[in-house]
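The two complexes that follow have chain A in common; it is paired with chain B in the first and with chain C in the second.
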Partner chain A sequence: MTQFFQQVINGLSIGSVYALMAVGYSLVYSIMNFSNFAHGGVIMLGAYFGFFSLTLLHLPFLAAFLLASIGTTILAIVVERIAYKPLRERKAPFLYFIISAMGASILLENIVIATIGPTFRTYPEVFARTPISIGPLAIGRLDLLMFVISAVCLTALILFIEKTKMGKAIQAAAYNIKACALMGINTDKVILIVFGLGGFLAGVAGVFFGMKYTVYPQIGNITTKSFIAAVFGGLGSLPGAVLGSVILGILETFVAGYLSSQYRDLIAFVILIGVLIIRPSGIMGKNTEDKA
Partner chain B sequence: MLTVKDLHVSYGGIRALKGVSLAVNKGEIVTIIGANGAGKSTLLNTISGFLKPTRGEILYNNEKLAHRPDLIVKTGICHVPEGRLIFANLTVTDNLILGAYLRNDSKAIKEDLEKVFTLFPRLKERELQLAGTLSGGEQQMLAMGRALMTNGELVLMDEPSLGLAPLLVQTVFDIILQIRALGKTILLVEQNAFKALNIADRAYVLEQGRIVKQGPAAEIARDPAVRAAYLGSKSVAMKA
Partner chain C sequence: MKRALFVLVLVLSIALVGCAGSAKSDTIKVGWFGALTGDQAVWGENEFNTVKMLFEEYNNAGGIEVGGKKYKLEAIGYDNKGDAQEAVNVVKRLTGQDKVVAILGPNASGNAIPIAPVLEQAKVPDIATVATNPKVTVLDGKVKPYNFRVCFIDPYQGAVAAGYAYDRLNDSKAAILYDVSDDYSQGLREFFKANFEKKGGTIVADESFNGGDVDFRPQLSKIKAANPDIIFMPYFFKEVALSANQARELGIKTTLMGGDGWPSDQLISMGGKSVEGSYFVNHLDYADPAVQDYKARYKAKYGKETELNGYLVHDAVLLLVAGLQKAGKVNGEALAKALEGIQVQGITGMINISPETHNPEGKDAAIIKIVDGQYVFQEKYAAK
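Now for the complex of A and B:
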């Protein structure tokens, strides 16, 4: 029983970071109807921003964290302006956006390989390795922080979307961006804010992944998991992305804990294939016709 | 109020408008009738800033219009789009409040909301319902109410009666008259030429991207060619 709860806690912690990445996918998808594969590159650079803020600039942890997230916010917006805005203005088909996204992703990865190098880097130890004990359960300090900060970020995001005027505009744009413009809403600004929000959360996620594992140019591939989580939950739905991520995180740790850690990645793809066959719109997704 | 001069618009390789000129005066209901594909929706979408003209200009209160939809709404033109395009994932009230996105005068917004609910009591009854659960007629009312919430002076309406039950079609045209009575100016695009000519002051006939006839609505309604093409001359003759 103890092991069961231990796995749930580990799963929640990793799932919450998947959720940070998955909502970035989902936000962009809900408004622009394409999967922004450059998101992984932004997360990867978030991990590097955090790493260098700690090692080169010797910033305290929170400052490094913030700097990395601001960096990725700007980066995500720059990617949008360069890779997608010209396509938007030409009213290009969705397929072109996906191709452009893949190009941006490859470009970001190779810029890092060419400038910083392909080596694996390890974050300096920010937190003590000794876990916090609650009864028989042991919770890693980093795991706890990952869960708490992710939960705070996601709650703030959902409040922003549900309670503010701009949030309503984002919801409206997700339904129909033309009608949104007819309300006098500057849709270009809505898109900019959506990329900025996704970018900020990507920075948070990137730093956590860098700390939990290592930093390397292909770390962005981890977003495959969050992409699967977003599809599982229902692409375009924020609560769906969070739910899908948490379930995926818990399932993964269960598989790793009870079967073998070698099967850990397998479960994600089994879920993806299963969802696509049984319920392509995911747990909470909207109808996915005409979307790429 | 609105002056369109020699407007040419192409999109997707098709020359949809080939030199359209028209004018709308304050307080008028002006209708544009024409067959499917004549360019009616293209014209409204160009006025609203979704399409860029290749030639010609659009003046609103003697000033050139911007080329961005949100800025055009700001100058006072609102648009009830074809197919209504309501936000089905939001409540009726949220839909209406979004119409007032550019306004900050919360008191006036509240008053306008009440006005819209007086005009459309059905919407009041369903105020907290998701817009996607409304019937077609109610969605059309919501689309109109939402446009009114922008507080625009000129209302562009694109096929408001499309796809509605015959009984509701009459209601929609009655509402258009009521909206005019609120002091709004209306540019109405309709396939239901008979009803549109019935409530309009003036009319333009659009064929293959060109204005082929214009004049007082009553006169256009009597025109034999128009009657043959758009009104089904037999039924009109029987009525006469």
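Now for the complex of A and C:
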């Protein structure tokens, strides 16, 4: 029984990394209807920003954390302006956006390889490795902090979307961006805000990923899993992205913990595909044709 | 006219050199090859320098006695640029043109594997230095007649680790975490498991991960529940550091153990306190008293420190000389026969060439412990 609860904790810990990444995908998808694969590259750079803020600038943890997130917010906006805005203005098909996104992702990865180098780096130890013990269960200090900060960020994001005027505009744009523009909403600004929010979360995710594991140019690859979690939860739905991520994290942990890690991806994804066959729009996805 | 004269001189000089070679029959020609340019040049240069130094020392002492006759040793070295195709070419040149009696090197398994057919045709044995892949000497269960080596093979480390854990650390319950997508890791795990169980220990958890994974908590939680005395982690330093950190985060205080994929500056910087007190298996330790004499001689002659390769090529030379003396004649075929079953005390350990595998069976490995962020040599240890 102890093992069961320990594995649930492990699953939540992995799931919360996926969740931070998945929300960024879902946000952009809800407005733009395409998967922003450059998000992985932004997360990777967030990890580097955090690393250099701590090691080169010797900033305290919270300052480094904020600096990295502001850095990725700007980066995500820059990516939007360079890679997507010209396509939007020409009303290009969505396939072109996906290709442009992949291009941006490869570009970011290779810029890092060329400038910073391909070797991985390690964050200085900000939090002690000794766990907090509750009976026989062990909870990592970093995991706990990550869980709290993720929850705060995601709640703030949902409140922003539900309660503010700009949030209403985002909701409206997610419903129908063309109609929004006709109603006098500055959709260009909405898109900018959405990318900025996604970028901020990418910074949070990147710093946590770097602290939890290590920093290397291919971090972006791990976001494939979080993208799948976002699809599973229902692309375009923020609570769905979080739920999908947590389920994927726990599913993976249980397969690896109780069966074998060789079957982890196989079984986890067979279950995901099964769910999508029954509910093509994901667990909490909106059931509209154009959002499939 | 000038050109004709030049050709004539050239032909004459070649003939003269040829005559000189045959007249000077008291010299044994030994080939060496490896990378003298490119990424691995540091190791190649180190090996060839060591060979030249040792040959010079033998010659200054009057040469070596083979079959009641004194011979001088001559080293002929070629650069294969670390390239497998070039390895075949230089071996053809050494055997066909230079008529060497044996070849030393190379250090890389990828260069040592393809030369077998050339060696077999020319009947010239080769002694590889740090080529640890099992396929260097044995292919499809059959031993290659002219390939030998002085280093232990990858899977052997697993057996050494198991023996050391059970006999020296008195651990009877071991857990294994290994990379299922890597041959090296699988080999080490297999031999660790077999040897540990043979000695009477139990493997309480045998968990795997896939290459590229960064989270090992599910597997480690399972290992924690099994409550082992030691956790064997036969993979490379990046995953070692990550899994060690995660193990500590889960409250696992068990001693960790690994193979020669561990030593790296990165391991200490990434793993920090998590790998403190861990053990791993290596080919040798630079602080081992047995290697100090060679180390000092090399530094005195070349003005720089020797690398890992130098120690192993040193023992390859010892093996060659012992082989020639045992054969009693200067002949590649006789030398290859003599090397089978030969026993030589090298500076990297006792080298006991098995006729079945042409590997130094039961060779001593160095056991290293991580103490205060330093690699500290414990003892030499062989799997029995």
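Here is the rule we use: the second predicted complex is superposed on the first by the 269 of 292 C-alpha atoms of A that agree within 3 Å, B and C clash if a C-alpha of one lies under 4 Å from a C-alpha of the other, contacts with A are read in each partner's own complex, and residues count from 1 in each chain.
The definition used in the following text is that a contact is a pair of C-beta atoms (placed from the backbone, for glycine too) under 8 Å apart; a residue touches a chain by one contact, two chains touch by 3 or more.
Bear in mind that the values here come from a model prediction, so they are computed numbers and not experimental data.
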Fit or clash between chain C and chain B when superposed on chain A: fit
Chain B versus chain C as contact partner of A:T224, first or second or both or neither: neither
Which of chain B and chain C A:I14 touches, first, second, both or neither: second
Which of chain B and chain C A:N176 touches, first, second, both or neither: first
Inter-chain angle, chain B to chain C through the CA centre of chain A, in degrees rounded to a multiple of 10: 150
Partner chain(s) touched by A:K165 [first = chain B, second = chain C, both, neither]: first
Nearest Cα pair across chain B and chain C, whole Å: 39
Complex contact set, residues of chain A against chain C: 2-3, 6-7, 10-11, 13-14, 120, 122, 125, 129-131, 133, 138, 140, 142-143, 213-214, 221-222, 252-254, 256-257, 260-262, 264-265
Chain A contact footprint on chain B (complex, rising order): 48-50, 68-70, 73-74, 78-79, 81, 85-90, 94, 97-99, 101-102, 146-147, 150
Complex contact set, residues of chain A against chain B: 165, 168-169, 171-172, 174-176, 178-187, 286
Of chain C, residues touching chain A in the complex: 180, 207-210, 212-215, 217-219, 221-222, 224-225, 238, 241-242, 245, 248-251, 266, 269-270, 272-274
